[in-house]
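Next come two complexes, and both contain chain A; in the first it sits with chain B, in the second with chain C.
Presenting the complex of A and B:
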């Protein structure tokens, strides 16, 4: 583990807001278990729980908390200066932080999504959801990590993207799904385990291409922005 | 009683020069730094100025954390902005107290040494921690430290790679008198070892004790640069004030009043206060006049050569 990853992970797990990660995955599994136990048909509870909660809320919100936490929190409290006053090329700072963010996000959402998919349909659906969510975790993390360097309010920007763009516009104007990581995840999961529980208008090639583009593009953007990182301009 | 050991900085003598050429920085319509040029070589220099003078903005530009709106900041010819490689030769202790509070001081300094990819990070971390006298508390989490101890941990991290240039923004903030004294000695010894040290402060006594060389910022401009006593002597529009005690103050006062270099004399209980327009002419003339009058001068003290006087003249100008 690189020193940057080690400091990032220590900082992430040492902050209280990390505890915010726990309730959502627990709720996802609890609802799936409850629905299964009550004998509700998976066609009734599958879409709202797997997509409405799992892919539309748990995955992006966990990614938002972690993705903005690995760099945005250090920028907020000023500790990022210690890492930046070293001769490390900036990609050697961004990539370990992205790896921690994507890894922690994936580790947090993969197991509950696998469990929910298993309870709703099959092991195959569970694995498909887990795999697609892991790819989505990378794309979301790259997006939110870059947001930390683009704005002083990355959480607000991330919430607008998740709630307004993906959550609201994605359901009303299907064209906006082309720029929705949530729908890339749905498309990929549906290809890996075809099921009527997952539905999207986004094609798989587009989803895969866009996932790669978002991940790589926002990572490159983050590296570039970090090269030009400015501290707040106090003039005392 | 606690004794203060002399810090032992490394003894390498390679020096670096930090240069600013016509540097300005503005935020919208507000000009924070206005056309500043300076060159900093080995030794300790104080960056002085009232609050809002642009010291921190200037330091941030020197440290590569702010792009100049105009002009260039270079370290040995290499721009500091967007050049991470300069941090091999440059260390920064910013004003903001932020430290990774979940790490111990040793972990923090060691992590910094590893980020610098030093060949023996453990030895470098131990040396830096010793240098700031933090060895006894190095295994405690920084979150439990006092303000002064946190500051020393940050200084240790900034020194771990033995930089040629060290920039410190208000380094004495939060330090107790003993820590302050130790930090002053450390800066002195680093300067004597050929390092380029620049520290900002708005506390004149601190600057006066650490460095004779100052860069004075006033309202975003570089108001003066160099040894503050020399700066004072160049202020020919302000009379120099001397306190004189002699065997016959009254007689000496009469004689001095006849001299063209003297603009005023005040006879007090403890001696004379003399205002001289020309520093050089007055100091050359005084012994001759005293000798001619048969007066023995016991004491001659320049009264307004303190940094405080120089600073107040510059700010008022």
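Presenting the complex of A and C:
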């Protein structure tokens, strides 16, 4: 484990506010258990809990908070200078941070999704959701990590993507789903475990290709941006 | 020993002799500054991007609805339904503006400067809250006014315009309910942290994670749970109060799927009032603690 990833992990877990991330996954499992215990058919509670809460809210919001936190927080308070002045190649800064962000996001999201998928249908659905969500966590983390290098307000830019692009436009204009990580995750999970709970219009090959492209592309972009990064003071 | 050569020059320092403004002007200045901050007025172009993005989308929807009505005579949405349709944008707007209003002051530690003025502790959060309520109400009200103007110039006769106005006024009132509930919840969350990024994430998380609770509660095999499901989430809570008080304006399609409140309409009203009261009380308590530091 390199020093950069160690520092990043400590920066994430060292503060109490990381506990704020816990209610989301706990709620996901609680709703699944409640619905299952009261005998609601999975076709009724599956879509709102698995997709509506799990893939549309928990995964992107956790990825957003963690993904912008690993580098954005350091840029915000100026301590990124200490890392940048070391003779490390930029990719050795970006990759460990991306690994930590994707790992933490995946760990937070995969466990409750597996439990909810298990309660909804089968172990297979649980594993499919967990695997697809882990891939989605990597793509989202790469996107938000790059966003924190492109703008001084990465969380708001990320929210525009999650709320307006994926949330609003994705439901109104189905064509925009081609550029929506949420629908890549749904498509991959549905392919791994075909059920009638998950539905999307995106094809599986496209989803896989785009997930890889997004992950690699935004990582390269982040490395490139960090190469010519200028530290500026706080502006309005 | 040489003579001392230092001289004290009179460079014109004077005491302030003008009128000293009291509590109310301080409150007014905070409020006005808050409303201007919400829309990034008097700030750099960067601060205007996100608020005006939301304003632009909302106005665009209103223009589209007006155009549809003028061209095809088809009412896409009533004034009250407009707020419901824009709920995600309202959440985003709160996430942009609320941290801007309170988190910056917490982070830069300027609160002692505010409280060294003739300003009671409770005035600061109340002024900020009113500013956020006003900004949200303007965000939802301005497009409705635009839709009304569009309709007024296409309708024939003053009677029809008067009827239209009677539709608009409850719509504006409903927008006010949205504004009060979203502002009090959002500002409370934002006041907990000095980091704008975390405040924005927290606001969105709280608003979004409550929506699926409603979805789950409304399919449980218990009618009481179904009818009370809406109170679990702010958007559906406001909608419930709206359906209870002005049913015809919110539900225009008799066959459409509408939340069924059963006999629990007043419960929605009570919960809404209790929620706002609790948030304001917690906000005041929070600022008593912050100001004591």
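As a convention for this text, the second predicted complex is superposed on the first by the 230 of 236 C-alpha atoms of A that agree within 3 Å, B and C clash if a C-alpha of one lies under 4 Å from a C-alpha of the other, contacts with A are read in each partner's own complex, and residues count from 1 in each chain.
Throughout what follows, contacts are C-beta pairs under 8 Å (C-beta built on N, C-alpha and C of every residue); 3 or more make two chains touch, one makes a residue touch a chain.
The structure displayed is predicted, hence computed values, not measured ones.
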item	value
Chain touching more of chain A, residue-wise (chain B, chain C)	C
Contacts of A:230 with chain B and chain C, given as first, second, both or neither	first
Touched partner set for A:163, first chain B, second chain C, both or neither	second
Partner chain(s) touched by A:89 [first = chain B, second = chain C, both, neither]	first
Partner chain in contact with A:6 - chain B first, chain C second, else both or neither	first
Chain A residues contacted in one complex by chain B, in the other by chain C	235-236
Partner chain C, residues of chain A touching it in the complex	17, 20, 23-24, 27, 31, 34-35, 38-40, 44-45, 48-49, 52-53, 57-58, 61, 64-65, 68-69, 72-73, 76, 152-156, 159-160, 162-164, 167-168, 235-236
Chain B partner contacts - residues on chain A that touch it in the complex	3-4, 6-7, 10-11, 14, 77-79, 81-90, 227-231, 233-236
Contact set on chain B toward chain A in their complex	25, 27, 32, 51-57, 60, 63, 65-67, 82, 84-88, 90-92, 94-100, 102-103, 108, 111-112, 114-117, 154, 157-158
For the chain C and chain A complex, residues of the former touching the latter	43-44, 46-47, 50, 53, 57, 88-89, 91-92, 95-96, 193, 195-198, 200-202, 204-205, 208-209, 211-213, 215-216, 219-222
